[in-house]
Structures are given as structure tokens and as C-alpha cells.
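All chains are identified by letter, namely A, B and C, in their written order; residue positions are counted from 1 within each chain.
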Amino acid sequence: MNWHEKSLTELSNALSAKEISSVELTQYFLGRMARSKEFNAYLDVQEDFSLRDARAADQKIARGEAGPLTGIPIAHKDVFVTKDWKSTAASKMLENFLSPYDARVVELLGTNGAGMVCLGKTNMDEFAMGSSNENSAYGAALNPWNTSYVSGGSSGGSAVAVAAGLTPIATGTDTGGSIRQPAAFCGITGIKPTYGSVSRYGMIAYASSLDQAGPMGKSAKDCALILNAISGHDPRDSTSLRKGAMDYQGLIGKPWSTPGGLPLQDLRIGVPEEYFAQGLQEEVRNSVQEALKKFEELGATCIAVSLPKTKLSIPVYYVLAPAEASSNLSRYDGVRYGFRAKEYKDLNQMYERSRSEGFGAEVKRRILIGTYVLSQGYYDAYYLQAQKIRRIIAEDFQAAFTKCDVLMGPVAPQAAWKVGEKSKDPVEMYLEDIYTLSPNLAGLPAMSIPCGMSQQGLPIGLQIIGNYFSEAKMLQIADQFQQNSSWHQLAPTNSGVKK
Amino acid sequence: MTRSNWEVVIGLETHAQLKTNSKIFSGASIAFGAEPNIQACPVDLALPGTLPVLNEEAVNHAIRFGLAIGSKIAPTSIFARKNYFYPDLPKGYQISQFELPVVIGGKIAIEVEGVKKEIQLTRAHLEEDAGKSLHDDFVGLHGEKSSGIDLNRAGTPLLEIVTDPVMRSAAEAVAYAKELHALVMWIGICDGNMQEGSFRCDANVSVRPIGQQEFGTRCEIKNLNSFKFLEEAIQYEVQRQIELIEDGGVVKQETRLYDPDRQETRSMRSKEDAQDYRYFPDPDLLPLHITQDMIMHIQANMPALPSTLRNLWQTSYGLSDYDASLLTQSKSTADYFIELLTLIQEDLVKPAANMMSGDLASALNRDGREASEAPLRPSHLAQILQRIQDGTISNKIAKDIFATLWERGTSGVLDDLGVVDALIEEKGLKQISDVGAIEKIIDQVLLDNPKSVEEYRSGKEKAFNSLVGQIMKASKGKANPSQVNQILKEKLSN
Amino acid sequence: MNIEEINHLAKLSGLELDPHQTKQVSKELENILNLVAELQSIDTTGVEPLFHPIALIEQLSQALRVDIVSEDNNRTNNMLSAPVSHKGLYLVPKVIE
């Protein structure tokens, strides 16, 4: 049985029907993981702990106390701290770090929560800074469709693990596109919810006002299940919103307006003209436009809208994110935990050497830029100015949403590039983020679903951006697309693309 | 002396540790004296993934302070990160407040050698304390001299209170510091324990020629934790600056520490000189909104301030300045007096004030106790005062009763009601006011002391007192003194 | 940025750059600063900064935590990853005041 092809609901049913136990299911995935190390998707695997959690889940199932996720394996991005697995954020700085507590997201999904079984911690760009997973201190995660190509980042490992069938589903985080872009590059589905929906407690911080956790899986349906389990107020995170419980699955399968008509009748899809301007590769444009046609077939109407500050989102993001990061990463000093240099002659040198040796090049670049834009004389012109333009960008979205229900466009200007192709000039990679940065700045929910393949045989993703708290609608819309197309069902194998 | 040409300009920044159970941004305890790092939780240690959540009592204390000094309480205030590296600062930044503090303005009245002055405050804001570096001889991995870092204190809530540069002498600075110290303890926001570091002053000191408008360059003297050191440090620094300038030098803006052994200030190795703190609003915290409701609720539960009480008691009961000050020296004393007032009639108020500043104050001082810890409660004092007033006991006997009950109360608890009467009964302490009885005693004493009688009749006034003494002794102190005086005089004049 | 500025920036950032790196980093930072320079030309008069994205649609207020001690002594676990420690203290090269 190809358990890695099953949906979460199918797995849950199989577990209840005793077709398979959680232990067996876990062993199945652990086996696949052991045979697929070349993708470098996982940074830490602890089979004993996984099986321990699987046994606990089996007991729950036997007692008839199982929920929809009990006993199902999951992989966690190494940005979430865990007591039983290492938590490195793919950095040398934390190579030996053992967290005394579990992240909120991990708690909610684990044995004392939804009862899922952690398969291990997945690879990522160091401290979530990057768009290709090449910034990992432990080697890049490789795209399972073609290992000469990047997986995307920063949640590369999670995307790879899902795409290669090394886990049914995974968690990721998204600060500027880090769930959506690797999901697009690896041909899977991923969603970044509204800022504040999911607790950041236990998520190693990169940029506090932009970071948000979300699921990465094979379908919108699967993502909805996870989102239900991980969202909600956490008093330990002051930025966690105090909203009532939301049911992200609630609209899946329902028609957009009138029952009996076309499923997405009356859905207005805003298509930002700036997302289709110069720089967008032909193949991506074509795939996205094909997808939009499909939506129209399902009853939706596409409307041209404008997000005038789209290009400005790049400088705004690359001022704000590094600024917050430069401060968030100041705690890594080798005093209480983390990497401490071997040679130093005094306190200052201990700090400087530990940090310089512990952090990779991209992290150091962003810390320097961040320090710069916050420093005396530059704060107003850079940091404050960026926060003001951020408001303008957020208001542009609100203006667009008066004309449409959701926005759609490409996730990235191109499909995955070759490993090493863009490593020479950091700025080249920053420019690739153009379509994904704005929703983070505005705090809006955004997701990626597979919508095509490039000539090279690499996946292309469609981005859906919704208004605040409209994730249920976005998942509904995405699911309708997935019910009426099969891009999301493609999976890589060694011998080519297989349905 | 050239000193007289110079004007001294001083501003004080005080860090008061707020009296809460837990830290300002985490749920760890702030109790003093624990084993190292026992009270440092993941948030305090800045472990990866941890986040701050604001302690409501710290906010309440800030509001209390703002109300007590008549300041404006900001409806919106923002927490900002102050970024710098130091081992006692786990996050590599301190969460503080920068552009929008919680308290703005306000004033505190002081008096120096009879001259009253109002010290204007600039602001007060909430922030977290850092941990501690212990500089004992620890040895690191490579044999290097090491410091030990204890983060129990990291995250303790602080209120940083800043004055305008309006003080003009070390005496004014100390007077202000003492008033502020008394105030924060009075309103219950700080325990004022300077030894434990609950109340620390930094002094900003500069000098300028008299008449000059611009301020001179100032130096900051940090972490003065006694009023004595505050005074000495300022005096030294003023002298140092004046001498430096008069010798043709220039005062360098810097941070200095006071060395109490050498009694001098010295430049601090630049931890903070020319630091760029890169303040920005902390993205992990939301704006603090303080509503009128919150303020009114706190106001309603604020104790009356010492100055309010002093005025009230002087006006209502005619108490002297001196008595009123003594009674408002601490909240504990004032609370005691307030309770006592509810138990006595108006004509006993002055005697009550006297008893508190006399017998009670001495006993408390001797035993090192606060009024709230006195074994004699206001109800006991009320009983004693009433029995003096109704003639049951004399003032002298009252003192004995006070002492006896104090001792009994120290080793056990005293009943509230009737314990004074019970003691009077028990020891037969009732004042003898019966004329016949007194006459009997006097007659006997006169018989037994013919020499004194002779001496009195030959003009020695002292002999009268000696006879009184004998009479009191014979009556075991219980004879009504004024009656003794009167009757003795009569008998001797016959 | 000249060498002095880069070195000052590195110091503020708690980083050490050797001379070879300084040149490289200088160039990279230059490029990034060129990228973000565009921000200067935007007129933001009258626009308030948006520090918290959701503040766009609703007033956000910091929640207040009840003042109780909720953390037990967990020193051993918390110090699991301490690089150098002694009798419950973290050790660092001597701090000179």
C-alpha cells in the first residue's frame, strides 16, 4: 500500500479501521526517509521518540478517543523548538541546542494535543533567511523532481518531505514567502494564515511582525485539518489574536454561492496587473493563466486590479525583516546556550567570534543591514519610512478587495532554479520574492497550490491571497480547483512524473 | 572661594524595583536571595522561541505612581527595544519604553533647611532589570578569569523615574531621593530596600557659571545605592568638574562610578559610552492602552498621601507640624494612627498622638519593628488612653501597663477586648483617688519622714518632691498624683 | 561605506570581519542599500507607520498577565545547553567595569 499517497482523511480512516497501526504507519515513513537521504529533507530523526508517540497514539485509537489527526505522522520545520529532537534552525549556532520546552504548534499537534507523530525536524534556510534552502549549515535540501534544482525556501525541507512522500504533511513558517514558494517549487499545497492566527511561541524568531506558521501538504483539504489544530489564541504570545475558534474546513465542498450552479459562481478573482509585468517567465505566466481559465470554467470571474506598490515591497521587506532579525538574533551570543568559539581573549571577542563563526553568510548580511537601518541617523529614513510604506501597501490590498473576493497570481517569477545558480548575488535572490512579500507585510493570508509544470519538469504554483481571516474561503476555492484538476496529484519519482 | 561663581545642575534617574510576585514579562518569581538561575525561566533566559507577556500589576504600580505625583498617565504607551550586548542582558536588548512612556510629568515636594521646593519630573517608564555578574574568581575552560552570570534578576519589573535637571545642590538631590523613596514605599509599589538593590539612583551632574543659560557638559554617576553615597558622589563630582574647568580642562561626557572606599568617582570602562541603542518599538508587544476606567479604579483604592494626611490632622485636630510629620513617617504608622482615631473621641486625639510619638515610637525603635508589627494594637492604646482620661490609672501607671502588655504581646498574642482592664484588675493598678485613703498614706509617710518634713518647713522645696516620692512608693504608684500634691501641701502648711 | 563604517557596523552587530571579508561584505551591503534606496523617494507625509499588520483593521491592545508566579525551578533543563557553567552560574570571560 502506498500510504504516502493517501490523504490525511484516508489515513485517519485506515487507522480507525485498523487497516494499519500508527506504529506501522510511522515505520513506513521512517523507512522511506532512511532510503531518501539524498534529498537532505531531514536534519534530525529520532526513531525511538517517533515510535513512542506512535504507540501513545495507538492506545488512544484503541480506546476510541482518536481525533481526525491521531496517529498520523508529521514533520516539523526545524524552526520549531522540540524537547526530544534537536532544534537548530539549520544553523551552526544551535547545532547542540536542546530546548527544555516544545513550541506551541508542536504541543497542539503532538501526543497531548491532536495526537500526531513527529517524524523529525526538517531542513530550512538558516534562521528562515533565504528562498532556496541553500543557506542551511547542514547542506541544501534538494528538489525531489530534479535534485540539481533547489527546493525553494526557507521551508525547503518540509516541502521536499511532503513532495517525496517522506511525510504525509509538514509544518512550515512564512515570513516573506517561505511556505508558498517552496510549496510551489515542489508541487505541493501550503498556506500562510492571517498574522496572529497561529502562536509564535516556540518558533525561533526571524522577523516578529512578519513570521507566521502554517501547514504544507498534498491538498487544501489536508492543510485545513492542520490549520484547525494549530490556530487559536496563546496567552504566551502577545501578538496572538484573541479571536474565537475558526473552522477552516467548514466551507470545503460547499459551493461559493448558489447550490446547484457552478461551484464558484459569483466568485470575483482579482488579478493584479503588477504580478504579470516584466520579469515573469513565460511558462509561469501561461500556467497561471491556464489556472485562471479553469476558475472561470468553475464559474468565477476574473477582474483586473492594481497593487501599485508591488515592486516597493522588496525594499520595504529587506529593511524591516533584517531590522527585526538583527535584534531577534542578538540573543545568540554563546553565553547561555549555542555555539561558543574555541578561541577568544576577552568577552568582546568571545561574542564576536562565536557569532561570526556560528552564523552563515546570509544571516550575517541581514544582521548588518538590520543594524544599519536602525542606527542613529538612518532610523527615520529607512526603518520608519519602510513601516509607513507598509501601511500604504496594506491599504492597497484593501482597495483591491473592494472589487474582488480573492487575489490570484504567480507565486514566483520562475520555477525552481539550479542549485548554486543564484548564490553569487544575494540581491538576485531577493528579487525573486516579489509576489510573496506583500501579504506578509500586510498580514494577509496567502497560499500556494500546484497549477502546472515547467519544461524542465519542475512544478509551478498559483498564489491565492485573501482578505484578513478569509482562510476558510481560500481553502474552499483551492479545494474546488483541486477537485477539478490533477496538478496536486502529481508526484516525483526517479523515473519521471507519475500520477 | 571660586565655588561661589558656579551653579550646580543635577538631575536624578531612579530605578525602583516594583513590588510584584512575578517578573514584568514572565511568570518567574522575583523573590530576593534565591540560588543562582533558579528563578530564570526560558523567557528570562531568552531561549529561542520565547516571547514576553506584560504583568498587569507592574502596570498598576506605574499608574499608582503617576497618580501620586500628579502626572499625566499616557492613554497609549509603547515598549521599545534598547539594543546592546552584555552578558547580564540575555536577549541582547532590554525591553524598555522610549518615545511614549507610561507616565509623563509630575512633581515631588521637598524641603531643604526650611526652604520648600517642587521638583519637576520629566517622566517615568516601565522596563525590565538585567541579571547580575558575579566577579568572584571563577575560572573558564581555558583557565581564563571568568565572571559568573546569575539571571534571577533578569526581567524584574522596574520603574525608571527621571527628573528635570532642576536640583541645585547635593542636599536637594538627597532630599528628593528620600522623598521619592518614602513615596514609593508609601503607595506600596516598591519595598525600598536599597541594600537589596530595590531602589537605585543615577545622578546626572554638571556645572555652569552663574548666569549662564546653557547647561555644562554632564556626567552620569551610576548605581548609587545609599543616600550617603549619593551625597558624597555628587559633592566629589561637582568639585572634580569645577577644578577641571578652572584648570583649563574640558568636562568629557561620560558615565562614572562612585568608589565609596576612595570617595571618588571614576570613569566607567566604556560599556555605554557612545552607544547607539537603535531603539525601535518591540514587535513582540502590542501598544499598552490605559483607560480612564483603569485609572479611576486604581485611584479609588489609593491610600491618602502623607501630605494630605498631615494637612488633615493639623486642621482637624490641631496637631503640631512635628507630630503630624512623625505620624506620617511611614504608611505603617499612619495606618495605625488612622485606626486609633476610629476608636477614640476627639479629646483624646492629642494624647493619642503623644503616646504614639512617645511610648510607641520608642518601643518600635528598640525592637526594630514597624507599627503594623507592634504587639499592642490601636485598640489596646485606645483602652489605655480611656483609662487615663477617666482617672482609673495615672500616666505613670499607664507606662507600666504599656510595657507589660508589650512584653506579653511579644511572646504571645493579646486579646483585643478588656485586656487592659484585666491587667489593671490583676495587678491592682487602679489609681487611688479616695481622699481618705490618700490621707492615710500621707499621714504615715509624714510620720516616717520627720527629717524631710523639717527640711520642707525650713524652706527646702526639694523635700516636697522627696515626700511625694515616698508617698508614691508607699502607694505603689497608684495614688492620684494631683490629689497627693494638693493634700500634702495642705497638711504641710498646717 | 568605508572600512571604518563597516567595522563600526560590525561591532554594533556583535560580529567580527577579517579584512578580506570586509571588502566583500562592503560590496554586498552596498548592493542591498542600493536596492532599498528607492524608499527615500516615496512621499509618506501624513502616513502613520504600521508596526503591527493587524492594527490596520482593529485596535490592538497589549494583554495583561495576572501577577502570579507560574514558573517552577527548572534550572537543570534550562541549562542543558550551557556552554560553560559552574554551580548554577553561566561563566563568561571576566567582565571589567
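Some observations on this one:
Note that in this section a contact is a pair of C-beta atoms (placed from the backbone, for glycine too) under 8 Å apart; a residue touches a chain by one contact, two chains touch by 3 or more.
Since this is a predicted model, take the numbers as computed values, not measurements.
At the far end from chain A, in terms of centres built from Cα atoms, lies B.
Across the two candidate interfaces, A-B and A-C, the one carrying more C-beta contacts is A-C.
Computed centre separation for the pair chain B/chain C is 40 angstrom, with centres defined by C-alpha atoms. With centres set at the average Cα position, the gap from chain A to chain B is 57 Å. The mean-CA centres of chain A and chain C are about 23 angstrom from one another, to the nearest whole unit. Multi-chain contact residues of chain A (touching two or more other chains): 97, 100, 209, 235, 238-239, 330, 333, 335-337, 347, 351, 371, 375.
For chain B, the set of residues that touch two or more other chains comprises 42, 45, 47, 53-54, 85, 87, 92, 149, 151, 276, 278, 283, 285-286. Those residues of chain C in touch with two or more other chains are numbered 12, 14, 51-52, 62-63, 65, 74, 78-79, 84, 90, 92-95. Residue ranges of chain B in contact with chain C, taken from their complex: 20-22, 26-29, 35-42, 45, 47, 53-59, 79, 85-87, 92, 133-135, 138, 140-141, 144-151, 257, 268-269, 271, 276, 278, 281, 283, 285-289. Residues 80-81, 87, 89, 94, 97, 99-101, 103, 200-205, 207-209, 235-239, 323-324, 327, 329-331, 333, 335-337, 347, 351, 371, 374-376, 379, 383 of chain A touch chain B in their complex. Listed in rising order, the residues of chain C touching chain A in the complex are 9-17, 25, 28-29, 31-33, 35-40, 42, 44, 47-54, 56-57, 62-63, 65, 74, 77-84, 90, 92-95. Only residues 12, 14, 51-52, 59-71, 73-75, 78-79, 84, 86-97 of chain C touch chain B when the two sit together in their complex. Residues of chain A that touch chain C in their complex: 96-98, 100, 194-196, 209, 235, 238-239, 241-242, 312, 314-316, 318-319, 326, 330, 333-340, 344-347, 349-353, 355-356, 359, 364-365, 367-369, 371-373, 375, 381-382, 384-392, 394-395, 398, 425-427, 430, 441-444, 468.
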